[in-house]
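Below you'll find a set of structures to go through.
Two complexes come next, and they have one chain in common, chain A, joined by chain B in the first and chain C in the second.
Moving on, here comes the complex of A and B:
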């Protein structure tokens, strides 16, 4: 088997929510992903509709120590050897929404009619064979970028990829990066 | 080895021994001191005893996880508080719909639901027949002084009698065959789905997803084969079929606690989650400080604060306010605002 048919760890995900223009192209692309069957998993929402038209975009950050999986009473969420945190196992998930409310990035979605949680798995059908996730291939503004560290450094010389987030007393580190001002080490969210 | 023993869970071990012991007593009583016990089924009996031990052990270990325990505890607290009959009605109705008919699978796909219903119904009926037979709880005898009328006994007491050659006899003696057909049809559908759908192919693996389906098919095909072998083929390959059937059933039984089939045992928790949500709604909603909208029950958010802490996550600030009070949309917006602030401080909106 040639190695370009496998997950390629040198390609990583870089998000820059300030670049999101709210076009929702990623939402449509996400619904094309084979692993979630016509359901869009990516989130685009207004940040503060009363005061600004700014939108933000959120994919699963694939945490190193995923809160969603640890709070799941049914052991339905698992992390694999590449660090991808998978969507709920369809026969285990009891639809309790623990993961929905505990994820610090607001990622998992509860599909009420299925009584099932579904979430972004970084287009595993694509990334597991070395392709890029759907959303990152369509984003016109560069808010979502999937590629190598060298590529992003060349494209964004004034930014640093950061994957450490502070929520109260908790520090969460993730597989996915966000682009921050050069030299930043972490983002204090709360 | 020592490490293995140390890693065993004491509570679970005790519960598993107690439940297995209780079962042995019931087998003894139900078979009238093993008088009605069918020695031909002894291998199945051992398989079942091991499975019960394993299932109880695994179930008890599972219950001890903080999030599972929270739901288990709250489920019973809610159930036993106040309107107990209304709760009983709710729980029974939801159990029939969600456990009996697995209705929530229907929106995921009509055929997905039908196929699973076939598998579950086929397996449940097969268990309902074979387990009492294996334990010697049910056995069949000729009515006194007759070679035409058959009696079915349960725990040694007569429950029904029927004529050999009647419809009842036909349905009773062939019930396991009907179950087998249902399981084969359902499993073939899922096997096809798993071999053709790109999304499923990407995320499945052989041992945990394909093997269970193959095992169900082997069990059902060899089971059917036993009937056809003695009815139509003069016992052709009967021994081979009998051994293969016994081995595959025992693998299935012993595998229940570890693999895909554990969901059969674990799914009733869904009913707990449903009543938790329903009663939680009556106790009040949580309002997101960012969006100003209700987004979940207050009970759930408060319990989640306890559970996350027990699991070693602390989303609180020094002043006691918690990040978990924000709705998922509120969390995403808070993050975006923090990101914007960092960019503004730097003086460049786009880096």
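Moving on, here comes the complex of A and C:
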């Protein structure tokens, strides 16, 4: 890392699904980044539109022990000193989709037109100069928030940030937090 | 001659709508812009701060403007993509004229002006001055709104000027004037933060004002209870503490029953009612029969939920009531607004911190644009064109004889009706696309065909402008300096980012040149937009919407100034009524009886289903801009008819089956979206699309007797499944539907 890196490690990323209004401002703003080729690295989906208006928003969770990087045969995916799991190094990525299959959150997407895996790198171009990621900057409802743990705890006293996810026997801990009801310790996915 | 000159497909081929997508690598220069311009979004009444990136006199991208206090960088998808209206292949780069059998061809400014002025003069000398009308709109800045009000009265010398705010918040304006003597949201949105109870009535905030969602959640984080009143489970209703699924057209019954409950249970602020209001006894008398049981029968909302809402509202210490088009687009829109205001006044929660009430103005300058004179009954400063003192004051400011000031004219839809009847023969329009946005569009089209002369100012050839004889190539919001007034009453600065491209000119310069050629140049000499604003300040001085103390410099220095601001040293007024001195003749806030009456059209055996209309998050108004932006179109490519599964079963409709929706006025075919997030007796279709995909083929021209707003939100329809499943919406090309 260069010495002029202004990344602030005390700032973290929080996702609050109950606030998502499905507007897709995050997707459109993400796609504007020149490194994304007009593709969004964040994805908004209806849960079950026939029965509810609820949408979910899925961003890279930046796992502490990223399976995507572990299964990558080309060592194209790396985690930096701040815990950000970077998108595949374009020179190394062989487009094998191991990471796409392995990610428990379904985050990496293979862009067939480039034969490359692409995913969120927490707006490294912005966060490294002290700005917030674009999606969390524009989100009009606070479903996405970038700031310190103290800030969000004070702002949202009825919720608790959780970054421990139980998938069967596996526990995955992540850099990104999900806002859960007050007192929650973990999120059991299945 | 206002018929289409050539088949519609040929016009679409040449002038769009066509879709604009950014290049994959982004626009050249967005990483190293020549300048970054602090300004505001061109769309809704939130007027979010945004920075436009400019390279080589082109807007090449945006950046969030973190320092603007209302939105602090937050944006909705329309805001993110708003810059894509620039550099658009559909942009009118030259004025054009109608050529029978060919379509349109470029024309010089001189000829376009000559033909327009001679068209105006011929019609006015043959049929009288009022036979030439003007229609305007409130995406325009305060300066342009003011200028057009003056232009119509002083240069066109017609009384028939009205604006597209007539389809927006005129019911709220009329209700607020009756109750408070002034038309502005009473509070800024920071008063939401500590409100204990928030009522959102007929306002799909998360789709139409997405950035306001943040302020609602700020209150909820502190424990506020949220009550959403809407026939659909809109995104904000999904997590609300209470969702009242009101049957369209019955809102005033709900508010009446809630008021009666407050009275019966003495959940009233007697001190406030006794000292600061009038009309209370007469008003509660009008609702004394409105039991919870009766309200359940009329509104379809369970009485327990109505009681809970009244209890929450009645016992709160602080509160904020917000409403929008959902209660205002009715033949009793004003009554619905008054019903809400009665609930606010009964509990005395106004004019204090965290005690708020406001309509959420829809259009970009829906607030400022309705204050300074391009309404048919209004002069600047929200003055009354029929009030002798007001006429005298403005005549002096304008340098005209008061006798020459026209009187009150027709409202927007009445102007269309008068055209249809042959009473109005000529039209000049700007910032208004009535063929998409007005109800009963077959009727509107017939009217347009009858015009002898029609000129339009726009940056794209909107659907209505296809009927014009002359279209002047005007300017986008980012091509001219000015001010707007956000839904909070905050006057803010729109900064010019780029020059109009090609031969296009600023709207202001077009209006000034027309005024000159109509022989009144001496009344229309302004060095720049600031000079117009400075005249507006004087014209508004002493009116209820007093801007006198607001200057361009103050707006920049203070991140906006809230009117009324009567003196230079005045701090502005974020919260109204702290002194409890209302602007009514007796200085009191007025209760007004708003007894329930049915909507203009009710269901029957032939038309058994309630149809209501509204908006989606990715489109804005009649879509002149947003139906040309590729990613916004992709997000919701065509209007769907939302149907509850029970109703779908009753009519044998399958998911995505094409359904013919018929009313007494017209019919349209829409794919079904079967969802249980809507009432079982109601279907919903959003309205932003033209031609065969326009739900306004179906809506009625029934008007509120006071505000003259059309009843977009309720009519009776029937549903006929077509037996065919719709193709992929992305291939529907609804954005350009002929």
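Observations on the model:
Definition applied: the second predicted complex is superposed on the first by the 182 of 190 C-alpha atoms of A that agree within 3 Å, B and C clash if a C-alpha of one lies under 4 Å from a C-alpha of the other, contacts with A are read in each partner's own complex, and residues count from 1 in each chain.
Here is the rule we go by: a contact is a pair of C-beta atoms (placed from the backbone, for glycine too) under 8 Å apart; a residue touches a chain by one contact, two chains touch by 3 or more.
For clarity, every value in this text was computed on a predicted model and none was experimentally measured.
On the superposed chain A, the positions of chain B and chain C stay apart, so the two partners fit side by side. Of the two partners, chain B and chain C, it is B that touches more residues of chain A. In the superposition on chain A, A:32 makes contact with chain C only, while chain B stays out of contact range. When the shared chain is aligned, chain B comes close enough to touch A:72, but chain C does not. When the shared chain is aligned, chain B comes close enough to touch A:106, but chain C does not.
Of the two partner chains, chain C is the only one that A:138 touches; chain B does not reach it. Superposition on chain A leaves chain B and chain C with their closest Cα atoms 6 Å from each other.
In the superposition on chain A, chain A positions 18-19, 34, 37, 54, 156, 158 are in contact with chain B in one complex as well as with chain C in the other.
Within the complex, the chain B residues that touch chain A are 62, 65, 67-68, 70-71, 98, 104-105, 107-108, 197-199, 201-203, 260, 263, 266-267, 269-270, 272-273, 276, 296, 300-301, 304, 307-308, 311, 313-318, 321-324, 326-340, 342-343, 345-346, 348-351.
Within the complex formed with chain A, the residues of chain C that make contact are 21-26, 30-31, 61-62, 64, 66, 71, 73-77, 79-81, 206-207, 210-211, 213-214, 217-218, 221, 223, 233-239, 617-618, 631, 635, 645, 655, 673-677. Interface residues of chain A, counted against chain C in their complex, comprise 18-19, 21-25, 27-29, 31-32, 34, 37-38, 49-55, 132, 134, 137-142, 155-158.
Against chain B, in their complex, chain A makes its touches with residues 16-19, 33-37, 43, 45-48, 54, 56, 58, 67, 70-75, 86-87, 90-92, 94-98, 100-108, 113-116, 121, 124-125, 128-129, 156, 158-159, 165, 167-170, 178-182, 184, 187-190.
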